[in-house]
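Next, two complexes with subunit A in common: one pairs it with subunit B, the other with subunit C.
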Partner chain A sequence: MTNRLEDVLENSGMAVDIVPVEGELNVGPQHPGSGHMRILVKLNGDIIEDVDLDVGYVHRAVEKLGENRNYMHLIPLVERPAILDSIHMNLGYVMAVEKIINVDVPERAQYLRSFAAEVNRIASHLYGLGILGIFLGHSTAFMWGFGDREVWVHILEMLTGARVTNSYIIPGGVRRDLTPAIIEETKKAITYMRKKLEDWKKIFLYNPTIRARLENVGVMTKEKAIEWGAVGPNLRASGVYYDVRKIEPYAAYPKLDFEIPVYKEGDGYARTMVRFEEVEQSLRMLEQIIKEIPEGNILSDRFFKQIPPTRLKKWWEGYRRIVLPGYYASFRPPKGEAVTRVEAARGELLYYLVSDGSAKPYRLRMVTPSYRLINVMRNLAKGSRFADLVSIYGSLDYFPPEADR
Partner chain B sequence: MDILGLLRFYILYPSFFVTVIFPGLVFTLLLLLVTIWFERKAAARVQMRIGPYYASKRLGGILQLVADAVKFVFSEIIIPNEVNPTLYALAPVLMVIASFLPIAVIPLSVIPPSGSVFSIYFKDFYDPDINAGVIAGLFVNYNLLLVLAIESVYPIFVVLLAWSTNNRFAVVGAVRETYLSVSYDVILLMSTLAMALEYHTLDIAKIVSYGIPGIVANPLAAFLFFVAMLMGSSRFPFDISEAETELVIGPYTEYSGFLFVLTMAGSYVGNFIYALVFADVFLWGWYPLSGFPGLVLTVLKAVIVLFFATFMRSVYARYRVDQALRGSWKYLLPLAFASLILGMVVGYVWIR
Partner chain C sequence: MDKVKEYKKANPFKLFGDHVQAIGTGIKYFVRPQRITLKYPEEALSLPSGYRGLIRLYKDVCIGCTLCAMVCPADAMKMVTQEGKKLPTINYGRCVFCGFCVDICPVDALKETGVHDAAFTNRRDLVFYPDKFNKSYDEPPTERVVKKVKAVVDEKRGIKYVPDE
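Moving on to the complex of A and B:
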């Protein structure tokens, strides 16, 4: 048809020259929609021909620094790449250390780890939804995301003493115990969040503009998702039932009753829906944890015994806090290596730790979920419209510092 | 006539009063500040924030906008190396002029033969169609058409502005604006044409004085006009040419200081002009009143429409440019035809 139309136009002397409009746009790193990286976009008209994610703008050499610090000093460092998801970053690393020094973690500490992880997951998902909202121009979702996140950050602050970089989990247990005040606050927060999620659905999920921007945008089929190595909510939105909490349970997850939301559409809307439902599941888990958490110690006996009795009396009995025993100062674990996986808010987080018997790790390797999304985002952006770049970016919940490490 | 009376005569002379004082330059400048203040305050209310507050706690932070304006006026205007400085500085000025000019021809109220401060100008602004004077900068019989014709020049200056700044984001934004302007202008014109057919006139004053508000006579056209107004003045959900996370600020990316204020003002002023037309044609304008109170009433209605349009920011995200184009050609254009037919039918049956 088009050929014939062109012929007609040409014969009548009204031929139209279609000039391909090609060019490059240099989006970022100082751009409202780029995050901490540069995105080189090759455009043909409004269609993206190729995207080059120039990552590394916030690279901090965490892996190399890891070889020059002792094991305890690494805890605050490994959190830094994703400060909004620091509990998970912390948890994965500490689990690897525990595997090497071979220590058991008390039941109560396991529950507390899950508690902190789920609170952090909610906070992180709300952050991601807020960023997605502002990428699509929805400033209300942005402010709500950050406002509602504050509720959960506050709980983390009560529990751990810090808002974001918590350093809460230590080899053998956790640093602080759950107090009745925190339980009370969490119950209030759960009620508030349930109510607020309804409002979220009304203004964000069912908003026609949001649906138009996310549905059928950045579609990733099941095969492609596996091939490109997507993880976490993005993988589950493409119809793959894969969650480390179920496949290889850690902390208190074997004892908790929760479901893994899986969508088969694979588009941006499905990814957003998965995050929403994960928040709901996390609320369910928090309720269970509050109800079922066993009494007991929060640090392995092996380390607990080393705390001097006077300090134990003051801090543990007075404030329910652990004072780090001298062992941690610069312990030398036996030779060995460990691989751990945790389900961080953005997906599977892998740690590979090698110990050569000295006080510092021989090698620390961390494969963060955002790192795996670089390839996914690049592939998804090809062939989409320029305006969809931010929509794909936001719906993947890609977090550049986490990818750069 | 004494000197005060002479002064009063010239100040209240509609051509001067309407274009310079109320709702002209002076009022529009104030309105701009109040609108942005309202936009921020209303969005803050929805978004669990407080919004501007500390600059003047008792006034709800409205002085923050004055402070912002002062800061913008005195900040350095950076002119990039590779641009033509004359065009670069002139483009935003021309754009604001183009968006502001139609205020001269919009009838904003009627002048009764006696009893109003404007009654002395009755003969000079006499409109034979409604047998009364009209408060407008310049009375033209075909003012409905003229307003839209002048306002539709505005996108051309946006393109000029983007072109003269020589920035890729600006050019992409200008191209988006061009695409959109083609589609919203059609809808804008067709919905007003429907009203013109319905009331058998192209004179806004006659439409208002007919006694039936346009939104009752043709709700379809009112809806279309409102949507096209949102598109035309880059309000959400059609904040497409300025899309912040995609194009920084679209055509205005390179501007700073006072020139940036002008570029921002352009879309707000354009929105205000459309809101004035909307208030006149669809919301009954000055209707039960006349003279100066009528003028205030019209402007008040327009301000409410403007506030409503800015409030959209806290409800909607932005559409993609192809979605907005498809929406306007595929759904709004047939609706515009429907509103034309509705206008013809109602004009034939009810409004004679």
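Moving on to the complex of A and C:
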């Protein structure tokens, strides 16, 4: 068959010389298409033989800096690697500190933590979908992703006082309470998002052009996903039911009713579907939180009692805000160590914190979900076509600063 | 445990319909666009109450307890001695606007002003010594009219800007 075709071309004078090209291509290290990372691609024709991810371009030494700062100082620092997912970064770290200083968190604060976390998850997934869109040349998805994310960032801004650098969760509770105005805005945002998701599906998810770029691209089988250490939505898209919110519930998750979307195929399209459905589940959770959130305090009594009464009257009764007692300026936790896990938007986030009894941690270990993706991405890209490199990258939702820390 | 789902593989006969659907949605937004870009600086955003913007000091209220300098994660707040009194001074080149200093001050001598936009021509200007730190910092443009708007969530349009005041 091929011979005959070549003959026909030869005879009609349209023969082409196919010169096999081998070589290396340098992608990055700046946006767009690589994130803040250099990707060295070894090509054979347009098949990727090997990729070398040159990570570390945005490394900030968070772990080492952590040994030179006190426990409160670290809250804004640990948020910085994943600025679009800062609530989760903050939450995991604060949970570790709470384990060491052994403090209980009031029920209402637990619900507020879940509330902020789910709002942040939606914002982060929309960001990821926008990036995937622009990688595939679908600029509309990029604009929509960032435009719709703005709605959730607005809610976080009302709740925490900052758009993305929230520093909202502190040891013992949270800093600000949910007000009726925020509840109103959230309800509207949920209605809006549900409606908009339908249009998202029509223009992006069910769009045959997008499906052609994602289906059967970067397929990760269940066994490989486990072997390579994938986490979060990428793991669940390969048919593994694993979510820290269900396996080791924290905050208000034991009391919330939600499902974990799991897909079998393990390709780029399944990963995108998982993210879409997680947004829907997060909307469900937000509704439940608004309805079921118990009344009460948002800071542990142990610290609440230390706030001067005049300030308590002004801030807590007047503005529903917690102010910090002097304890937080520089506290010395007892000796000890703690390990915590939370399900961040991109997957399992692990903290290991060691206290030697001084005001600064002895060691802070932070394993971020994107860090685990480095290995996954390298393995997935091998053997795929060069044009699919961006599909694989985008569908994994890899975020270089988070991986580099 | 929830069940493992499978998505339907693309059906070649539905492809045409899906294309039409995607283009139709595009046309819908072409006719009724959903724009959220602000024409800054003619239109400026007012920030929600409680926004952690630039900070100001009330010099007479401050008791010089140094808590604010101790809690500052970025070493932006430093204490200086003026006429025998300890007062905080802030370096906006370092400040990360976490608001810890405002929250920890036992006498409420610090306040978040909700001013977010500021430009400096010199790095030294970023350091506010107590006298400059003692007033609200805001330099709105004088020659042009600035329309103040605030962002609200709309059920149909997402973010919407409505005139403030």
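The rule is simple: the second predicted complex is superposed on the first by the 385 of 405 C-alpha atoms of A that agree within 3 Å, B and C clash if a C-alpha of one lies under 4 Å from a C-alpha of the other, contacts with A are read in each partner's own complex, and residues count from 1 in each chain.
Basically, contacts are C-beta pairs under 8 Å (C-beta built on N, C-alpha and C of every residue); 3 or more make two chains touch, one makes a residue touch a chain.
None of the values given here were measured: they were computed from a predicted structure.
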- Between subunit B (first) and subunit C (second), which does A:Pro249 come into contact with in this model arrangement: first, second, both, or neither? neither
- Touched partner set for A:Tyr241, first subunit B, second subunit C, both or neither: second
- Using the superposition described at the top, determine whether subunit B or subunit C touches more residues of subunit A. C
- Determine, under the contact definition given at the top, whether A:Phe386 touches first (subunit B), second (subunit C), both, or neither. first
- Message: Quick one: is A:Asn207 in contact with subunit B, with subunit C, with both, or with neither? Answer first, second, both or neither.
- Response: both
- Query: Given the touch rule stated above, what does A:Ser139 touch, subunit B (first), subunit C (second), both, or neither?
  - Reply: first
- Touch check for A:Gly336: first (subunit B), second (subunit C), both, or neither? neither
- Would you check which partner chain A:Arg321 touches, where first means subunit B only, second means subunit C only, and both and neither mean what they say? second
- Task: Check whether A:Gly147 is in contact with subunit B, with subunit C, with both or with neither, and answer first, second, both or neither.
- Result: both
- Task: Could you look at A:Ala189 and tell me whether it touches subunit B, subunit C, both or neither (first, second, both, neither)?
- Result: second
- Query: Across the two complexes, what residues of subunit A are contacted by subunit B and by subunit C?
  - Reply: 140, 147, 203, 207, 209, 212
- Sites on subunit A touched by subunit C in the complex: 69, 72-77, 140, 147-148, 150-151, 154-155, 157-158, 161-162, 165, 167, 175-176, 185, 188-189, 191-192, 195-196, 199, 202-204, 206-209, 211-212, 215, 239, 241, 259-265, 269-270, 273, 308, 311, 314, 319, 321-326, 328-330
- Item | Touching residues on subunit A, where the partner in the complex is subunit B | 23, 25-26, 31-33, 46, 133-144, 147, 203, 207, 209-210, 212-213, 385-390
- Could you please specify the touching residues of subunit C with respect to subunit A in the complex? 1-7, 9-10, 15, 18-19, 21-22, 24-26, 28-29, 34, 36, 47-48, 50-52, 67, 70-74, 96-100, 103-104, 106, 108, 112, 151-159
- Item | Residue ranges of subunit B touching subunit A (in the complex, touch as defined) | 43, 46-49, 168-169, 172, 236-237, 239-240, 243-246, 248, 313-323
